[in-house]
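Note that the chains are named A, B, C and D in the order they appear, and that numbering of residues resets to 1 at the start of each chain.
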Amino acid sequence: MTAADTLTKLEARVRDLETTARETGQNLDAALTPLRAEVQRLRAEKSANLSRWDRVQLARTPGRPTALDYVERLCTDFTELHGDRAYGDDPALIGGPARWQGTPVMLLLQQKGRDTKSKIKRRFGSANPEGYRKAVRLMDLADRFGLPVVALIDTQGAYPGIEAEERGQGWAIAESIQRMVRLRVPAVCAVIGEGGSGGALAIGVGNRVLIQENAWYSVISPEGAASIIWKDAGKAPEAAEALKLTAPDLLDLRIVEEVIPEPPGGAHLDMDAAAQALGEAVSRNLADLAGLDGDELRAQRAARFRALGAFTES
Amino acid sequence: MTAADTLTKLEARVRDLETTARETGQNLDAALTPLRAEVQRLRAEKSANLSRWDRVQLARTPGRPTALDYVERLCTDFTELHGDRAYGDDPALIGGPARWQGTPVMLLLQQKGRDTKSKIKRRFGSANPEGYRKAVRLMDLADRFGLPVVALIDTQGAYPGIEAEERGQGWAIAESIQRMVRLRVPAVCAVIGEGGSGGALAIGVGNRVLIQENAWYSVISPEGAASIIWKDAGKAPEAAEALKLTAPDLLDLRIVEEVIPEPPGGAHLDMDAAAQALGEAVSRNLADLAGLDGDELRAQRAARFRALGAFTES
Amino acid sequence: MALDRFFRRRRPQQQAGADLPDLWTQCPQCKEGLYNRDLEAASFVCPKCGHHFRLDAQKRLDVLLDEGSFRPQSGRVHPTDPLNFQDTEPYPARLARAQAKTGRPDAVLTGTGTIGGLPVTVAAMDFTFSGGSMGSVVGEEIARAAEHAARAGTPFVLVAASGGARMQESALSLMQMAKTTVALEGLAARGLPYISILSDPTTGGVTASFATIADVILAEPGALIGFAGPRVIQQTIRQHLPEGFQRAEFLLDHGMVDDVVDRREHRAYLTRLLGVLTRQEVGA
Amino acid sequence: MALDRFFRRRRPQQQAGADLPDLWTQCPQCKEGLYNRDLEAASFVCPKCGHHFRLDAQKRLDVLLDEGSFRPQSGRVHPTDPLNFQDTEPYPARLARAQAKTGRPDAVLTGTGTIGGLPVTVAAMDFTFSGGSMGSVVGEEIARAAEHAARAGTPFVLVAASGGARMQESALSLMQMAKTTVALEGLAARGLPYISILSDPTTGGVTASFATIADVILAEPGALIGFAGPRVIQQTIRQHLPEGFQRAEFLLDHGMVDDVVDRREHRAYLTRLLGVLTRQEVGA
């Protein structure tokens, strides 16, 4: 029996015992505690051995916490502000002022939706130009009121629709990048699931960029790359390997500063613990940046991104 | 015979003699010169006695020079820049960099169209939100490159359409006003025909505001006012009287700094002369403002508009 | 193009903020008879169907601010008749009537107060005065209130209710759009929040100036909000206006307002929002 | 989502900028046979139908700049294989092939020159190199060119031609979008004009970064310009794409570009425009 099979079986037994405990009112902790510990150990072991494609699948697991799941657990006083003041309101990219573990911030959130209906409404987190233009407006407010920006990235990419192109998808993303470059407040970004292409980077120009352990971030989705390379989206696992899109890869490339640990087996298995780790990492980075003034923050962010790239010089 | 009838007859005789001179090759100046002088005198006399409604009609005379007629006569190197970079390009409000009698400027032009087809395309100079958002973009460029803004106002008002409302007509006008308040370059505005409501003011927040002799500027068109007051747009002449919307009225109210003279009988009777007077007035005002820096220009403009209004204080 | 729709029409049953003539009022939306006392306790929102009754400026601030916290500032500036404007009656006669009816010099009430304990500067337009039309006095009082907020270091909260610019002051009314915009600059420069609340109706020049350049724009449910009035649009384009056109919910869909917020929630909403925007701990 | 459409397809008859194998070329649009000499004299625009042939970077700058004024700056920065990227062949093999074909280290050529006598800094992307894809070197050279323009006090003119970001450098390619944006800040800060010219095709990450934040954006007639490629859109929405979708003229209609300008007019257009924007008398 593989370790994965063992894990699956033990997880089932834990659930059975929990059910029985509930139904009978018996305290079965004496049995449950060692079982749970073994499950945790096997999950951690599994996590360490995950392939890149495994992690992509984890990033997409149904039930993985969405941006709003984290906001509910970490924020108070969130006021969602709507609209780009020019065309529409995009439910795929939302935001507004809130307190992040007590600290006043401006949130920018890519929100995928939590059930079928809201997933469709939110286009699975793929924003239209209105979303990016709303982000620009919220960054204006963040600068005006001295609120640090916290961006949670979770998108397969900007929405590739006819209307999105008509209304300047590329233009809107470029403006959002430029606006973020110009911020005079701290910006901490965290990839919490999928970080696909320019649609993710549009709100990813942070002074610090973090990524959860099982999130990915790449110039193109594995399926997109596989379609181009092999004319076969089914080869996404191979493409995922080639793209080096996992959190540890990105840390190596210095594209992120920090990998935020997830509970063993993935953030969906313990949302509260995942939120705790995310909250702590963002808060700590915000605290680090709190001493810098507007010029310094802008300069640090510019220098950070100016330095990215790999080349030799003759 | 009334003075008006006399004028009409003399104008016809001048045209006859000019035709004859052309056809026969004879020099008839000895006859034409005194006739032309009398025509000029009668036109000037008529102009002095114009009712407010007469002037509204002059402002709407077919063949009255449009913004582009002036640009063709006064500007070189005009490059029309298109689009609001978000939704569309509005042919009713156009603009771009040019040299105004040699001086580099940024033009903002309300353009009514010169023939039926272009009038329809340009919605008779009534802009959509895209027009005002393009104006904002051009003002951004003006500030970046230190180009004074020259705005030629000629509109019955912003376009009252369903789509214009959907895309935030009021919002777009408000943003344009705000952007103009914030300009750090000189802004000289001239009402060259109709100055209707917020749609005109959107590009009318100048350090200096000029108006041609037979142009009007008001919070509402005479027809609109008549519809509200008497439920009868046909009472527009009475409404025009009440609204005090002519150039001399506006000078009295200190809403404009200067009335630009038109050729006797109206700008349409001698476009070149009308252009010359407009060109000179704008250039002179630009020269006056050239010595002020960005802070001073912004402060002067703010103070100018902050002071407008009539009230008593107890 | 501003005052056309509202200026002359009367809907006395909707003017809940004016003196209530009887013990009860019929809701114009659900037709339910409502005791005036219950209506007032519900911030003049129909407890049955949620219809938001129009409010005069005083009632508006009573509803919005912490109880008893309002201190008026406007009132010393009075309108004149700069154009000697004459239509079916002289402008001064119109003004005198509106002043007698409302007990106010013009269509705005400004002052200071607290929201959730946080000091704010406020301005409320008064639709019961000449349809909330904006002339020199409205512009001046709003400008002064904005400037006071900047000087005092408080947020500025404005409630719009207006048929548009005041025809009887013609171009001077128009200029108030620029004047108020100028006055609001001080808030932006100092990082002080400016919030506008658009109530039924907000149209014309108000929509094209101070009301829509706020940092955060809220709208009351069902409020008619637009630049051109529906009648003008219909006359121009000779086309049927879509259902719900220019209503608050429509504007939210089109990205123009930050949210549509029930009047009964305004104070709690602003307490939460202003607390974060001013980076303070608030809540009284 | 970037390279899909162009990266692998070859249209040798359209690659007028590459070595012309014969004395004449058939226009892919009007099918007319054109003498290469005439075609070159017409800036590689079909004299019959106006079709704009694609240009490599060198030909592009020859057409754009005053004759003989170009001085190259790029060339010392070379690509590496940071991800050890392997698909149907190793990335270094791909690079070597493109380098051999173009004689260039990567898909961009930058330098200085004059337009109408006015000194400018320029960058031209090279579609013949890996479909003009943007990796670290393209980003670095464009960033350096922008920084040079700011230091030297010249306008910056960029010609885009790209299928998008370069997949083989994955997230590092993506970061070039932010890097180039950062580098362009110096121009805005110094009031120096940045003009971009979008040529066929400009898609993907280039469209969502430096190419579309220019002060003035021109497009060549008929050029395909967009963020998502047409094939990706069609796959996603399973809908027919409208005629002319994502072409230069379509973008002009939708407010995205300042004008569609025939290549034969570029130099005159820029001479006029840059003269006013830099408040100089120019024209050589």
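Structure notes:
Note that in this section a residue touches a chain if its C-beta (ideal position, glycine included) is under 8 Å from a C-beta of that chain, and two chains touch if they have at least 3 such contacts.
Which protein is which chain? UniProt says A, B = Acetyl-coenzyme A carboxylase carboxyl transferase subunit alpha; C, D = Acetyl-coenzyme A carboxylase carboxyl transferase subunit beta.
From a predicted model like this one, the values you see are computed outputs, not experimental measurements.
With every chain reduced to the mean of its CA atoms, the largest distance from chain C is reached by D. Looking at A-C alongside A-D, one finds more C-beta pairs in contact between the chains of A-D. Put simply, the C-alpha centre of chain C and that of chain D have 52 angstrom between them.
Chain A and chain C have Cα centroids lying 41 Å from one another.
A separation of 33 Å divides the Cα centre of chain A from that of chain D.
For chain A, the set of residues touching two or more other chains reads 85-87, 167-168, 171. Multi-chain contact residues of chain C (touching two or more other chains) are listed as 212, 254-256.
If you sketch which chains touch which, the pattern fits none of the simple shapes: not an open path, not a single ring, not a star, and not all-to-all. By the document's touch criterion, interfaces exist between A-B, A-C, A-D, B-C, B-D. Contact residues of chain B toward chain D in the complex are 77, 79-89, 97-99, 104, 130, 134, 141, 144-147. Chain contact summary for the complex, chain B toward chain A: residues 85-87, 129, 133, 167-168, 171-172. By the touch rule above, chain B contacts chain C in their complex via residues 157-162, 164-171, 173-175, 177-178, 181-182, 197-198, 201-202, 204-205, 217-221, 224-225, 227-230, 239, 242-245, 250, 253, 255, 302, 305-306, 308-314. Against chain B, the residues of chain C that register as touching in their complex are 1-4, 7-8, 76-80, 82-83, 85-88, 135-137, 139-140, 143, 165-167, 169-179, 181-183, 185, 204-205, 207-213, 226-228, 232-233, 236-237, 239, 241-242, 245-246, 254-256.
Partner chain A is touched in their complex by these residues of chain C: 188, 191, 193, 212, 215-216, 252-259, 269, 272-273, 275-279.
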